[in-house]
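Look for chain A in each of the two complexes below; its partner is chain B in the first and chain C in the second.
Let's look at the complex of A and B:
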């Protein structure tokens, strides 16, 4: 019931996957997502095979196949946006609902979108379950993302929980001053009043954040900040981790090559 | 909270790969520009300030306000940051927010992040900022004008981001434009009202307690006119996308054709670009693009002219720069 609790997905652990070089994990996850999205329309045998690849990764990283599958459902509500495709895609009519016609091509396309998004979400979740965010940032930086952007994001992560708790305090203060009797009608004022209270809280949070940034900057200056942030030494690059990271990519590539060969004629 | 499918965080799988890549390219260019601009604006305060404000936007999105019947709204924040600190700062802040949401909480896909950050960062920041400044130039520096400008900027930022999302989904052939556009635009017209109310209230609060912050933002606004170019670019990009999005006529015309009253519609007495096509270009998609382009440039030119006229009486411009 508490919508405020800000919790990271990362779970520490010891596994081949947890210990993999974060750079390789990021490249591998993006490659996997790209590979999943390339699945040709209607190539349904490819989906369980790709799921098997993700499932074995879940087993290796001790996350659990079913747990990962359930977490992958996070994007499923969005599939409603694609649901109308089953009516609008031209194809053989399957079912008539009043004036609406469900076509076979539409169902195939919708299923494809839903399955691809579910599998891609699992690949992304596996990455964040097994990689600390600071490692992710370091990996992104060494993969040539603009370093200033990465440092800004690192700062954001550093103060995310601080300001999250600041927001919680504001919300708690509002809640403790907004008591109403159970049978009281119209408690809480008009819509504009409620919006103004929320807006005032946002403004107040902005000022606290802005002033905190001034304090933080002054503190950084006092410690000799010259516009550059320094990080720890990178772990050595090992060809062995490249091999480990390449296995799932090769598996998905193989599945996709087969799918393309099989389903070229069908389309 | 609003149901997630009405939100604008596109998960992976809903944008086709070419569309997602276009988003990445656009975002990369704008990030590089934004990094340069904010570096100039904030010097080495840039990193702590942008980072902490990104955390602020994230935390501010947790502050809910009950609307009715169990639903509640919250701030998106692009327009607020753009009005307070300028559009380039807002682009960086919102990109960080969306990056963390995608990487840490899988709110929005990793490949889709290009357009997610483009919609809720770039489009929201520049439209919010441009609308805010235009209204202030038209209506003056009074308090009422400021709040009206804020409200319009916040509402437009949400509405245009939603329209862009619908266009991208339609371009990817994941959601037909005739469904996605009215749904997204309609729902976000309401969500935008919430955004406008909260942004106005937040700005009014900041104006009361730290008026110096807002005065500072006006000064930086006068300096850079690069946002006009970027706003124009966004408008042009949307123009380019629109005729490619859906070969079917748009919703109203479709209904009109189905009911056979399109022929009954009266033509206006004069017609510069009939039916948004340029007469001497045969290919219909290209012609629509050219017509949209001309229209966009004309609108931009007129707005710029109006803004200049309103601004002209201020003679102290030469001393400030």
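Let's look at the complex of A and C:
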């Protein structure tokens, strides 16, 4: 079995969304995430509406509404960090658990955080499912993200796989020599000894990567690298793509305005 | 004969830890020559190659590449004249996609966009990988990576092609097709560091033997490669 199977998120395909200018997709996704995070607390009618926007995008890009919803669940474990809000937010007590009090305001706040994270994760995942990583890098670069950051991300992407293979080779080498005699139970020594072996492997992986980085840099210098990553001038934006990218943003903006108005009425 | 494209004079190099890697190495390579650089592990072959485009700078001695003395000011044009192909393609191919790697050198030379594109197309065609532009580098086979590595240097149209152990780790068929590929670049001046004596015999007309950081022999391939005493003395073998 491959202990370090790395897989690309991107799935090829043909759709309006796949073919959209990656720069517009990045700006649109960031705008959507920002919009989702700005949803006022307790404005629950806004959430299904936003989900409907994301769902329509999932349909247009042929990813599938339910699949995207399921993938968005990846964000939920992280919302556990906000679970304490249930107890600490002042409000009407709903339930007493020993010395802890669950308040209604706390539940509302926690639900809001969980829903917003889930929706924001869907927006990000939709971007990564429909845009090749190299296009994302290109988009970030043309959107003037500092080139050092883009380069570091590009190298990380390129060498993650090489590093994974190297780690795999080390693990195989260890496994091949983790022998035991017939009357022994399991292979290897004490926990401490095994921890030391694992530590040595991590160290060796670091040294190999470090040495590789020097060789890669030499290869870059050999081809005239002078600290600046060169590329072509990005093509101009097309109005059609800008309009397509603006639709979901406008929809979310409209939902937000309604949510704010509704929220004010409620209060 | 015209003036040499590589002129190395009394080049010495010591690693920062004090270990001597090259001592008083001198040789010249002329346009169109195909030279094999052979010698045991640790002889200083790779170290010498890294000097040819100024990635490493000698402790003493001087280099002249394509009539340019190797100085800080000349590094750019010298790196455009010396195409260095590294032993491990994973070190050489650092871009996510094949196209980006082959275009990296020409872009650094600030060539216009259409010139870069046509050079990438030509270089990939020359190594038999036309149409590979959008492939992802880490998904290629070992032989394909090697070819892309060579293309990434050919796209700079270097005066001298320098290869470090080009056939290491290749299966026999891939190795043969690599030899064929290198043989097809007839006009190209080449310096090939290798342990593959048959490759040296097939491709090169001249051999330089390096051992312990010194040049111990320099002469026609047909003579030196079949000098059993010389080969065995330096941990090598006849083809």
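Throughout what follows, the second predicted complex is superposed on the first by the 243 of 267 C-alpha atoms of A that agree within 3 Å, B and C clash if a C-alpha of one lies under 4 Å from a C-alpha of the other, contacts with A are read in each partner's own complex, and residues count from 1 in each chain.
In this section, a residue touches a chain if its C-beta (ideal position, glycine included) is under 8 Å from a C-beta of that chain, and two chains touch if they have at least 3 such contacts.
Everything quoted here is computed from the prediction, not taken from an experiment.
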Q: Could you tell me if A:85 is touching chain B, chain C, both of them or neither one (first, second, both, neither)?
A: first
Q) Counting only touches as set out at the top, which of chain B and chain C does A:133 meet: first, second, both, neither? A) both
Q) Counting only touches as set out at the top, which of chain B and chain C does A:212 meet: first, second, both, neither? A) both
Q.
Quick one: is A:194 in contact with chain B, with chain C, with both, or with neither? Answer first, second, both or neither.
A. first
Q. So, does A:155 touch the first partner chain B, the second partner chain C, both, or neither?
A. both
Q. Is A:125 in contact with chain B, with chain C, with both, or with neither (first, second, both, neither)?
A. first
Q: Could you look at A:220 and tell me whether it touches chain B, chain C, both or neither (first, second, both, neither)?
A: both
Q) Of the partners chain B and chain C, which touch A:171 in the superposed model: first, second, both, neither? A) first
**Q.** Partner touching more residues of chain A, whether chain B or chain C
**A.** B
Q: Could you look at A:202 and tell me whether it touches chain B, chain C, both or neither (first, second, both, neither)?
A: first
Q | Where chain A meets both chain C and chain B, residue numbers | A | 133, 154-155, 157-159, 162, 212, 216, 220, 225-226
Q: Going by the contact rule at the top, pick out the chain B residues touching chain A in the complex.
A: 1, 3-5, 10-14, 17, 31-32, 35, 39, 43-56, 58-60, 62-68, 74-75, 80, 84, 92, 95-97, 99-100, 102-106, 109-111, 169, 174-176, 178-180, 194, 197-206, 209-210, 213
Q. In their shared complex, at which residues does chain C touch chain A?
A. 50, 53, 55, 76, 79-80, 82-84, 86, 88, 90-92, 94-97, 100, 104-105, 107-110, 113, 137-138, 152-153, 156
Q: Would you tell me which residues of chain A are touching chain C in their complex?
A: 133-134, 137, 154-155, 157-159, 161-162, 212, 215-216, 218-226, 230-233
Q: Name, in rising order, each residue of chain A that touches chain B in their complex.
A: 3-4, 6, 8-9, 29-30, 33-34, 36-38, 74-75, 77-82, 84-85, 88, 113-114, 116-118, 120-121, 124-125, 127-128, 133, 136, 146, 148-149, 151-160, 162-164, 166-168, 170-171, 188, 191-192, 194-207, 209-210, 212-213, 216-217, 220, 225-227, 229
